[in-house]
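Taking it in order: structure first as structure tokens, then the write-up.
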Amino acid sequence: MSVVAERLTKRFHPNAAPAVCEVSFEAPSGAITALLGPSGAGKSTVLRLIAGLERPDEGRVVIDGGDVTRRAVQKRGVGFVFQSYGLFDHMSVRQNIGFGLSVRRIKRGEIDQRVNELLSLIQLEGYGDRRPGQLSGGQRQRVAFARALAVSPKILLLDEPFGALDAKVRVELRDWLERLHAETRITTLLVTHDQEEAFAVAERVVIILKGRAAQVGSPAEVTAAPASKPVADFLVYARARAEAPIGPLSARVASGTIVGVSRTGDRVLVTVEAPRRLEVELPASRFEAMRVGEGDSVEVDPSTGELSPRGR
Amino acid sequence: MARSGRRASERVVTESPGVRRLLIGAAMVFLTLFLFAPLAAVFVNAFRAGAGAYAAAVADPGTREAIGLTLLVAAIVVPLNLVFGLAAAWLIAKFSFRGKGAMVTLIDLPFSISPVIAGLVFVLLFGRQGTLGPWLLERGVQIVFAVPGIVLATLFVTLPFVAREVLAQMQTQGSEEEEAALTLGAGGWRMFWSITLPKVRWSLLYGIVLCNARAMGEFGAVSVVSGLIRGETITVPLQVEILYNEYQFVAAFAVASLLTLLALLTLAARRFVEARSAR
Amino acid sequence: MVPRILILGAVAVAVLASEASRAGEPPAPARPEKVVLLNVSYDPTRELYAEYDAAFARHWEAQTGQKVEIKQSHGGSGKQARAVIDGLEADVVTLALAWDVDALRREAELIPEGWQQRLPQNSAPYTSTIVFVVRKGNPKQIRDWGDLGREGVSVITPNPKTSGGARWNYLAAWHWALERPGGDEQKARDFIARLFGNVPVLDTGARGSTTTFAERNIGDVLIAWENEAFLLERDIARGKVEIVVPSSSILAEPPVAIVDRYVDKHGTREVAEAYLRYLYSDEGQEIVARHYYRPRSKRVMARHAEQFAKVKLFTIDQAFGGWEQAQRKHFDTGGVFDQLYESKR
Amino acid sequence: MTRRGVLPGFGLSLGISWLFLGLVVLLPLSGIFLRSFELGWGDFWRLISDPRTLAALRLSFGAALAAAVFDLFFGLLVAWVLARYRFPGRGLVDASVDLPFALPTAVAGLTLTALYAPSGLFGAAFGLLGIQVAFAPLGIVVAMAFVSLPFVVRTAQPVLEELDPALEEAAAVLGATRWQTFRKVILPNLLPALLTGFALALARAIGEYGSIVFISGNMPMRTEIAPLLIVTRLEQYDYAGATALALVMLVVAFVLLLAINLLQRWSRKRHGAHVL
């Protein structure tokens, strides 16, 4: 059940540079493939194009040898785990997991049986009747996994699945994902900006920079021979971030001072001393709306690259 | 990040274009018949006899006096509402105290009470047969069937507007800036004028606009306490009814069109305020 | 801080209240330069008093040198009486029926017993009667009261519970049915039931009914005051309606009275009395006749005789033994009228 | 929230607030209660249970319910279109939805009557179908629905705008059709806001007076609404009857207000949406 992306291109605004530009790669059957890149590089859009949540302007999506580019999202047989989980807050955990089955008009008994299996798979046996709002972040993430797996998808698409979790839970869940994958051997695509995460779980890595697939290969290949200077720069930068000590749970947002601003087209690369050096790339219009410049204090969320002026 | 810039119409997970067009069409047909047709009917009827008749109707002394009274009532009621609205919003947003829930309910109450009852309560209180009426009338103080009654009834029905608008904004804003001002040595009034008021200025403005529209347009409560004395206790909405009853239909609609213009201005003000406060 | 704002509040209330005291209040020994009268009246007299007030002001100033401004309030007769009882400080009331004026005595002792004998002709300086207004050409062939109970005839009349005029309508119809050959109480009741069964819209006041009939084109026949019918036929709906006079009708006597309690408070008794008396003068009667009310003065009546139809008229005292009895039997809560409506359910 | 002692103005704002509420709301309202206590249960019951009063109450509640249901459907349609689609004139339409709030009710009554009376544009059209609108219960429903339409639109619209797109996308990926997604995912999330809008519309419709006296025809037992009956009773010097009916309406207003507050709390817990 391989997934092939062929020259996928997507523009959100007719006059702007494409968010995704001629991206091609193959995600081999039964493996985990990571889409790795900085925030705003277009990784999530690639994943959404594969899922059918966006329509490509050009290019094709081939799943298991069949062209699904024009196929509706409901019919692609994919499982998708959203960064914000997208759990139905008005349903119990059980109803959430069983949702995909119930819309297929499967019998109650079968649904219950399948849901019980999945609850034990995600180690939340006693939690079936709770509402998602009553669970912790890690538990909610696992429910989102179970819900995606319930319909027996051919491929599993994960959009920054651990992005909203703190460091400790991230590592735990990553291990759990590896074990889950070992059991199911389901073809998986994982979007992440975290090099360590990508290299730890993925057999294949697609590095995406500025909407283009900059390099495709195994983690070892990519590290050994970066295809270009931007890839090398990105890997160094991402490694530096991964190795920097991550503070207590709340320290997701770092404060710092802008030390450099460089413009390319409609995007701006902002360098922040915080006190580590962080680089954040964002659309020029958004940067201008913040009315900050070199020497100003800002707050940076390293996990998402969000930049916000301080003290407003 | 690209996703936040996506426009709703570009969603893939949405209705098919056909369904979309059908829903938009249905909504537009509905609003045209249900909302815009009555609006247009006001002006069509007002100008049925030409611009001359319209001007004559608006310039009629009875109408001019009604406009004068309505402006007077609004000029009394709106500032009182402003004082009350700011005080109540500040109190509820910033402090917890006994009776707070009751206070919020009381502020909301005029929204859900029939305007007729709003008029009735003042007749029962200040009428000659009322509880306080005889005592006051003996001393030459007339409330109902005079301007004070109209002011009170209008105040009753408009009481929630400023308070609710400002309260909603104060609750979302928090108090950090006020506290900062205090630690920097600002006095209470200084803090209020230079921090709190600017922070809530848009909701305050909108509350005032709404309050004013309601004050000028109130009919039910005012009609119960008015006494309908020509040139003295007739407001613009009552003048509309009187003209209607005098077979002066064009004039009735002409005066009604003034109130309609006020309503349209109110809507425009809302757009303006929303656009400004969204920045 | 708290007491200060309480004081501010109290001051504000006091300011509001002081605005309440109306002009021309303390009874002055010498005549003040200007005096204000409030005449609380019912709906169809708007045009009449607009002209009469101006005439009286000229007359009074010529006679005494004092200016007089007359403020008018118009509404449903019962509603107006209620407002006066509740403190609308009318110097004079000119209402649709004696029952409503008498309410000022019954409910609040604003006027003394025997108020109706203080002015000539039962305190009714003008009278009117009840007639029909039909569509041009009288397509439904309506000739008399009996036709209003026919199937397929749509009748417009206001609500007798709230409108003085409507009570005259109702009583005229009732008495006609009672007085027919072979008529009795039960037949009258049935007839009234049929008549009101033909009423699609029951407005609160006479003016509302006229509007319904003339402007909204509802109904085949409007039961109306004679003066209101003339107004329709000659001005508002000229060429679209005509008047039909029934075989018998009631002599409606709209009474006038000064409100003793209030004129004494305002010091306006003299001018208020003169205001009402002037209604009986030749000039007053002439204005009354011009507005299609029937003048009491034989001389004035003779001049306008051709405009008023000859119709057999009965008074409420003759036919019903006075307002007290009529009201109690027909219009009080649970009376004949309520029974008719409630039995229709 | 317990910040007393840090921020100034507690005493002052407490004084002003209670002064206004006391003088303008509490004192006048207590008058109604005092008056009805003078009645006693027997009298009160007799006044409330007479057929005409019952008919008026039945009409007021029935018509208000019908109007609120009408608003629920069409308000949701309008809110959906405004929140989800972009089309020419959308801004104008969005602004004009509040028209019934801003338009004085007397004007609404005047113009609706002109349109829906048998001689009016719509009245004539309905007449061809044999349906009478003005001066019939249907006219009352139309006026009530008109004045309270914005409540449903303005409660539902922000929720629709702020609903996480991931919810609908998740449902789609899991195989739900658009209609299933609407029914099982969107509607339950919308429910508290819709119910709040419904209750607000209901409260407003029950109390509405100005627009209805023009359009209703005011026939006892048929098209006489409860607020009008209060006025009628007053005009017949029947203070007891007016007060008793007013008390019933007041109690209903209280109950609805309580329900609205609870619904809004529920809704806010879910979405942080706020109305009025």
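Residue numbering begins at 1 within each chain, and the chains themselves are lettered A, B, C and D in the order written.
Convention: a residue touches a chain if its C-beta (ideal position, glycine included) is under 8 Å from a C-beta of that chain, and two chains touch if they have at least 3 such contacts.
All of these numbers come straight from a predicted model, not from anything done at the bench.
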| item | value |
| --- | --- |
| Most distant chain from subunit D by Cα centroid | A |
| Identifier of the chain whose CA centre is least distant from the whole-structure CA centre | D |
| Whole-Å separation of chain centres (CA-atom averages), subunit B against subunit C | 36 |
| For subunit A paired with subunit C, centre-to-centre distance based on mean C-alpha positions, whole Å | 82 |
| Euclidean distance of C-alpha centroids - subunit B vs subunit D, Å | 16 |
| Centre-of-Cα separation between subunit B and subunit A, whole angstrom | 49 |
| Where subunit C touches two or more other chains at once, by residue number | 85, 107, 215 |
| Residue numbers of subunit A (touch at least two other chains) | 52-53, 73 |
| For subunit B, residues that touch 2 or more chains besides their own | 13, 80, 123, 129-130, 152, 244 |
| Pairs of chains satisfying the touch condition | A-B, A-D, B-C, B-D, C-D |
| Residues of subunit D defined as touching subunit B within the complex | 1-4, 6-10, 12-14, 16-18, 20-21, 24-29, 31-32, 34-35, 74, 77-78, 80-87, 91, 93, 95-108, 110-112, 114-115, 121-122, 145-146, 149, 165, 168-169, 172, 178, 181, 203-204, 206-210, 214, 226-228, 230-231, 234, 239, 242-243, 246, 249-250, 253-254, 256-258, 260-261, 274, 276 |
| Subunit D residues touching subunit A - in the complex, by the definition given at the top | 164, 166-167, 169-177, 180, 184-185, 188-189, 270 |
| Residues of subunit B touching subunit A in the complex | 1-3, 5-6, 10, 12-13 |
| In the complex with subunit C, residue positions of subunit D that touch it | 11-12, 14-16, 19-20, 23, 50-52, 55, 113, 117-119, 134-135, 213, 217-221, 228, 231-232, 234-238, 241 |
| Interfacial residue positions of subunit A with respect to subunit B in the complex | 12-13, 19, 39-40, 42, 44-45, 52-55, 73, 282-283, 286, 305 |
